[in-house]
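Single-structure report; data block below.
Order as written gives the chain letters A, B, C, D, E, F, G and H; numbering starts at 1 within each chain.
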Amino acid sequence: MNDTAILLIDHQVGLQALVKDFDTVGFQNNVLALASIAKELHLPVVITASVPEGPNGPLMPEILEMFPDVAVVSRHGEVNAWDNPQFRAAVKKTGRKQLIMAGIVTDVCIAFPALSAIEEGFQVFAAVDASGTFNEVVRYASWDRMSQGGVQLMNWFSILCELTRDWRVHGQVMTDIIVKHLPEYKNTMITFNQTQSKN
Amino acid sequence: MNDTAILLIDHQVGLQALVKDFDTVGFQNNVLALASIAKELHLPVVITASVPEGPNGPLMPEILEMFPDVAVVSRHGEVNAWDNPQFRAAVKKTGRKQLIMAGIVTDVCIAFPALSAIEEGFQVFAAVDASGTFNEVVRYASWDRMSQGGVQLMNWFSILCELTRDWRVHGQVMTDIIVKHLPEYKNTMITFNQTQSKN
Amino acid sequence: MNDTAILLIDHQVGLQALVKDFDTVGFQNNVLALASIAKELHLPVVITASVPEGPNGPLMPEILEMFPDVAVVSRHGEVNAWDNPQFRAAVKKTGRKQLIMAGIVTDVCIAFPALSAIEEGFQVFAAVDASGTFNEVVRYASWDRMSQGGVQLMNWFSILCELTRDWRVHGQVMTDIIVKHLPEYKNTMITFNQTQSKN
Amino acid sequence: MNDTAILLIDHQVGLQALVKDFDTVGFQNNVLALASIAKELHLPVVITASVPEGPNGPLMPEILEMFPDVAVVSRHGEVNAWDNPQFRAAVKKTGRKQLIMAGIVTDVCIAFPALSAIEEGFQVFAAVDASGTFNEVVRYASWDRMSQGGVQLMNWFSILCELTRDWRVHGQVMTDIIVKHLPEYKNTMITFNQTQSKN
Amino acid sequence: MNDTAILLIDHQVGLQALVKDFDTVGFQNNVLALASIAKELHLPVVITASVPEGPNGPLMPEILEMFPDVAVVSRHGEVNAWDNPQFRAAVKKTGRKQLIMAGIVTDVCIAFPALSAIEEGFQVFAAVDASGTFNEVVRYASWDRMSQGGVQLMNWFSILCELTRDWRVHGQVMTDIIVKHLPEYKNTMITFNQTQSKN
Amino acid sequence: MNDTAILLIDHQVGLQALVKDFDTVGFQNNVLALASIAKELHLPVVITASVPEGPNGPLMPEILEMFPDVAVVSRHGEVNAWDNPQFRAAVKKTGRKQLIMAGIVTDVCIAFPALSAIEEGFQVFAAVDASGTFNEVVRYASWDRMSQGGVQLMNWFSILCELTRDWRVHGQVMTDIIVKHLPEYKNTMITFNQTQSKN
Amino acid sequence: MNDTAILLIDHQVGLQALVKDFDTVGFQNNVLALASIAKELHLPVVITASVPEGPNGPLMPEILEMFPDVAVVSRHGEVNAWDNPQFRAAVKKTGRKQLIMAGIVTDVCIAFPALSAIEEGFQVFAAVDASGTFNEVVRYASWDRMSQGGVQLMNWFSILCELTRDWRVHGQVMTDIIVKHLPEYKNTMITFNQTQSKN
Amino acid sequence: MNDTAILLIDHQVGLQALVKDFDTVGFQNNVLALASIAKELHLPVVITASVPEGPNGPLMPEILEMFPDVAVVSRHGEVNAWDNPQFRAAVKKTGRKQLIMAGIVTDVCIAFPALSAIEEGFQVFAAVDASGTFNEVVRYASWDRMSQGGVQLMNWFSILCELTRDWRVHGQVMTDIIVKHLPEYKNTMITFNQTQSKN
C-alpha cells in the first residue's frame, strides 16, 4: 500500500456514452468505489481528462468533489495520458512504483498508458470493472493485449482487499466502502447487526 | 396521478439474496427510483414486510428513511400481502384505484397481490424493474401469468413519465429523480448545462 | 389446495438427455422440489412414463422412492398422456379440478395434456421450471402456445407459496422444502438461526 | 399503403445515449431504413422532438435532411406526443388510419402515443427495431404492454414488405432500401449481378 | 393428420444468408426434419419460392429431391405467398384446414401468409424452428404479432408428435425421423439397442 | 495423488450471497463434489473461514459434517488466508506440494493465496467451478491474473479424473461421486444398469 | 500434412450426454467434419474409446463406418488415453510429430493427453469445436490450461485450411467437405454454380 | 505511423455469409472504419482476395472505391495470403515492419498470415473487430492461438488512436472517421457544437 498510486483517466461524462460493456449505474458505482479506496486509504491519486471543455465533457462531478485538492491534468491533445509531460510528472512525483489504472475507454485510455508505464519499469494493475469500452469484443481484445504486456487485471474489490489485507487494521475503511458500494454484502451486515443489537 | 397509489412489498435485505435476475446495484437503484417517484409526487404509499424480525430481515433502510410517516405493515404469515387485512385496509384507505406494485420475489410477492387486486376491480401496474426473482425463467413465466390476468407491465421510468406527463408542470421532480437514478441522462444534462453556463 | 393435484409426466432418465434449456443439476432440483410439495402437502399425485422399459428409461429413482404407493401409469404408445385412459382415469379419480403439470419435454409432454385438460374444463398450471426441452426457442414457443390456450405458467416456488399461503399454518413444510431446494434462502436461515442460538 | 402514415418520435441525438438494447450503428441503420421507407414510398410523415434545444439535443441530422419539407413538431413539455395538439393535428391531417410509430424510448415515447392512438380508433404498428430503450427488461415489458393493448409489433423490413407487397410494382424502391440498409441481401445481389454481367 | 397440410415457403439458398437467429447447420436440420414429417406421413405439401432465378437462389436442393412430384410455385413478385393465386389454389386444393407453415424470413414469409390464412378461416401453426430471420428482436416481435392474430407457435418435434400421437401406430416413422434429426435421442437409442442385442 | 492437498477457503453461507457467476444450486453441488473428492480419496484437507462468527456466517454445514476431524482455521482479520500463520502451517504440515484451491470469492480468496503459494514454490490448481464471485467480468479478470502467475485452472471433474487416473483402481470412488454430483452421467448409468439387470 | 495425425478420443454416444457447450446437431457436424478431413486427406487416424461396452456406449457409428480399417483402441480403465500403452503405441507408429486431438470431454479426454504429448515433444493442436464438455466455464478453463501448456487451439475449418493450403491442389477435397459440413459456404456455391450453368 | 501498413484480406461479399460473430451492419462499419484509417492517414495498404471471380465474390465495393490506385492481389489457390508471392512482395515493398491485418475469416485468413509474418520478424496487430468468423468459439480459439504466437489484438478505434496519438496533429482525421463510424461519439459532438454555435 505504501508503494501504490491510483490513476483515474478520462472518467468524463461525455465519454461515458461510449461505455456499452457495463450498465451505467453499475459502472459508476465501480468507478466511485475505486475512487473511495484511494481516498479512504490516503493513496496518492493522479487524475486526468482529455479536452474536458469539449464534447468529452467534464469529469464525473463525484470524483471532483472527492478530491478537491488534486489538480486535474487537462490534456489538450495527447490520447495516451503517458505522452503528456504533466501527467507523467504527476505520476512520478508520487514516488510509487505500483500503479492502479482505470478509465474510459479501456482499449485506449487504459491500455496505452498501462503498456507505456510497464515499459518504464512500473508494475501496473488495470481496474477492469472501473474501466469501460464499446463492447465485449473490444474489452476482451484489450485485456489480452494488456495481459500479454504484463499488466495484471484486477477489480475494485480485489484491489481493496489487496491493499488492506487485514480487517483488524483497516476494518472500518473496508466496511465503509462495502456499505456504499457492495449492497449484497451490506444486506448481510444489516441483518447480522440488527440481530445482534436485539440481544 | 390522483388515482394512483404505490405498493412496496417485501423489499427486505434478506430477501434480496433471492434476486438473481438483476445486478444488485442496479436493482436497488430501480427500487429507490420508484420509491422516489412516490415521495416526490406525494402519492400514497403502502409498505409491507414479511416477518421482518426473522431471516427475511428488515426493509431496505433507505426506504424506511424515505417514508418515516408510513407505518409498515408487518405480516406474520400471509405470503400474499392481499390476504393480510391491515394491508388490504391500508390500500383501500388510499382511495386509489390504480395500484403500482413492486417487490421481492416477482412471481409471488407481486404476482399474487396483483392478481388479487385485479379480481377486486383495481387496475394494476407491475413495476417489473423494481421487482426481482430467482432467474429469467421465473421472471418471464410470472410476467406471462400477470399479463394473462390483465396486469400491465411497466418500469420505473415509464411510470414516472406516465404520472408526470408534462415537463412544464413536473420538470423539477423529473430532473431530480433522473439525476439521482438515471446517470445516462444526468451525464447529458451536465454537459449541456456546463456549456450553457459558459455563455 | 383442496382442489389441486400434481401430475408428473415422463421425468425419465433417458429423456433427460433431451433437456438442454436447464443445467441438469438445477433441473433435477426443481423437479424434486415440485415432487416434495406434492408429498409434504399430501396432494394427490399422478405419475406416468412413456415406454420406461425402452430407451426413455425409468423415472428418476428419487421420484419413485418418494411415492412408493403411487402406481406409475406406463404408457406404451400414447405421446399425449391425456390420450391414455388409465392416466385420464387416475387424474379424474383425484376429483381435483386444478392440475399442476410438469414433465419432459415441455412442448409435447406438458403442452399436449395441458391443452387437452383445459378443453375438458380443468384449470391448468404448468410448472415451467420443472419441465425441460431442447432449447430456448422451443421453450418460449411452447409457453406462448400454452398461454394462448389458457394455461397459467408457474414455477415450483410460486406453486409452493400459492398452495400454502400462510407461514403460520404451513411454515414447517415451507421451511423443509426451502432448506432442501433453495440454498439462497437456506443460507440466510442458517446465519439467522446461528445468531439467534448464541443469545 | 394508401392508409398509412409514419410517425418518427424523439430520435434525438442526446436521447440516443439512453438506448442500450441495440448497438448504436445498427440502431441508426434501422431508424434510417424506416425513414427511407416513408420517403421512397411517399408516405406522410409526422416528426416530433421533445425540447430539442435542451439536453435531448436535435433530431438525427440524417432525418432532418431526408424530410426538408416536413415541419418538426417541437414539444415543450408533453412527454406523450399524443398530448400535444400540434402533433395530434398533424397526424389527423394525414387522413391515414394506420400509424407506424418508432422512437426513443420505446417504453415511453412509443408505448404512450401508441396506446393513445389505439384508444382513438387508429390501427397502430410499433416499429420495434427502430425504437430503443434502456435494456431488455424494459423492452420486453413495454412490448407486452403494447401487445396487450392491441399494438402490432413489426420491424422495418416487414413494414417495407407489407407496404410494397409486390416486387414487380415496387422492386426498385425495395432494392434501393435493401442495398443501403440490409448488407446481407446486398452482398447476395452483388455476387448475382456480377455473375450475370459476365455473360 | 387427415386435415393437415405443410407449406414450405422460400427456403432458398440465397435467402439463408438472412437467417441469423439460428446456427445454419441446426437450422437446415430443422427444416429437413419438418420436410421429412410431411414426406413420411404422406401429408400434402405446398412449396413456393420467390424469384428463384434471381439472387434469392433456388430452394435447398434437399427439399427439391425429397418432393420430386411437387410442382414448386415460383412467385415473380408477390412477397406474401398468399397473394399468389397459384399458391392459394394449391393450398385450397389440398382440402386441408390445418396449415403448418415454415419459411424464410419469419417476420415476412411466414407471418404474412399465416395471418392471411387465419383471416380465411384456416387454423395455422407456425413451425418456428424451421423458420428463420435476422435476429432475436425480429423473431420475438413476429412471434408476438402472429400469436396476437391466433397463430399457434410450434416446433418440428412437437408437430411430429401432434400428428403421430401414438408410437404403436407410427413408431417406425417417428424413429426414422428422430435418428436422422435428433441426435440426442438417437444416441440413447443406440446404447439401448446395443445393450439389448448383446443378450 | 500422493502429493496433493485440497484447500477449502471461505465457503461460508453469508459469503455465498456474493456469488453471482453461478446458479446457487449448481455452485453448491460443485463445492460438495470437490469436497467429496478430498474425502473419498483421503487427501489432506485444509479448511478456513474468515470471521465465521460475523456476517460472513459459518461454513456450509455439509462441509463441516464431511470433515468432522479437520480443525477449521478461523481467521480474524487476514483476507489472504496465506497471511494467516495457522493456515500456512496447516498447509505445510500436509507435506504436499500440489495444492488444489477453491473458495469465495475467486478474485480474492483464491487468487491471493494461489499466487502466494506459487511464490513459495507450490504447484497450484484453482478449482474454478467450486469458486465463485460477483460476475463474469471479475471471474475472467481473476482467471487471467492467476493464469499469468502460473496457476492452472481446473474444474472438479477434471480434478477427480487427474487424481484417480484409472477406473480399475478407483472406479468405485469415481462412480460414487458421479452418482451424487453429475446427474447427466448418473442417468446414463441407470439406464445401462437397468438394461443389464434384466438379462 | 505429411507430419500430422488425427486422434479421435472418446466420441462415444453415451458420453455425448455430457456435452452441453454445443448444440448436439452442430457438435456432431463438427466431429464428422474433422473425421472427414482425416479420411479425405489420408491422414493417419488413431481412435480410442473408454469402456465402450459400458454406459459410455459405442463410438458414433458414423466414425466407425468412416474408418473400417482402423482398429479402435478400447481402454478399460485409463482416463488419460496417453496412459494406455496401445494408444501411445498407435500414435507413435504413425511417425507423425504434429497431433490434432478432439474428444469428449474437453477438460479431461483432450486436455490430459494433449499435455502429456507436449511433454513428450509432440506439437499438439486441440480441435476445440470437435471437443465438448459440461459448460462454458469448464470449456474456457480447460482452454486456458492447454494454452498455458503450449497446446494450440484450432477449429475444424482452420485445420482443413492449414493442411490443404492451396485450392489448386486440394480444391476437390475442400469443396467436398465444405458441401457436407459448412452450409453457409455450400449455399453460396449453389447460387454461383447455378448461375454459371445457365450461361 | 511511419512504420505501419494495413493489410485487408478477403473482405469479399460472398465470404461475409460466413461471418456470424458480428451483426453484418456493424461488421461492415468496422471494416470501413479501418479502411478509412489507412486512407486518411495515407498508410500503405495491401489488399488481397481469394478467387474473387468464384463464389467468394468480389471485394466489398466500398473498399475498391476507396483505394482506386491499389492493385488487388487476386489469389488463385493460396489460402494463407502469405503463401502468395505477389502478396508477400507487396507487403515487403511497403518497407513497413508493423502490420495491421484484418479479414474474413479470422481463424484462417488473419491467423495464418499473422503467424507467418511474425515468423519473418514483423510486428503484427490483428484488427479483431474488422475480422469475422463462424461463431464465438472459433473467434476466441483463434485469438488465443494468435496471442500465444505474439500477435497483438486490437480494434479499429484503438488502432486509430495509437496511430494518431495527438488530437492537435490529427484532430481533423480523427473527427472525420468518428463522425462516419462511431455514432455515439458523433451524437455527443453534435449536441456540443450546436450549443456552441448558438452563442
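By definition in this document, a residue touches a chain if its C-beta (ideal position, glycine included) is under 8 Å from a C-beta of that chain, and two chains touch if they have at least 3 such contacts.
Since the model is a prediction, treat every value here as computed from it, not as a measurement.
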Q) If you walk touching chains, what's the least steps from chain B to chain G? A) 2
Q | Intersection of the contact lists for chain A and chain E | A | C, D, F, H
Q) More contacting C-beta pairs: A-C or E-H? A) A-C
Q. In terms of residue-numbered contact pairs, which of C-F, E-H or A-C coincides with B-H for over half of them?
A. A-C
Q) Between chain H and chain G, is it the same set of residue numbers doing the touching on each side, over half shared, or a different set? A) different
Q: Report the inter-chain centroid distance for chain E and chain G in whole angstrom, where each centroid is the mean of the CA atoms.
A: 33
Q | Chain centre separation (chain C, chain D; CA means) in Å | A | 44
Q: Please set out, as single numbers or ranges, the residues of chain C touching at least two other chains.
A: 14, 17, 20, 23-24, 55, 57, 140, 184, 187-188, 191-192
Q: Provide the full list of chain pairs in touch.
A: A-B, A-C, A-D, A-F, A-H, B-C, B-D, B-F, B-H, C-E, C-F, C-G, D-E, D-G, D-H, E-F, E-G, E-H, F-G, G-H
Q. Which of the residues in chain G come into contact with chain H in the complex?
A. 22, 128-129, 140, 143, 147, 152-155, 157-158, 161-162, 164-169, 171, 182, 184-185, 187-189, 191-193
Q: Would you pull the chain F residues touching chain A in the complex into a rising list?
A: 14, 17-18, 20, 50-51, 54-57, 76-80, 83, 105, 107-108, 111-112, 134, 137-138, 140-142, 144-145, 148
Q.
Show me the residue ranges of chain H that touch chain E in the complex, using the header's touch definition.
A. 17, 20, 23-24, 135
Q. Inside the complex, what are the residues of chain A that reach chain C?
A. 188, 191-192, 195-196, 198-199
**Q.** Residues of chain C that touch chain F when the two form their complex
**A.** 13-14, 16-17, 23-26, 28-29, 55, 57-58, 61, 181, 183-184, 186-188, 190-191, 194
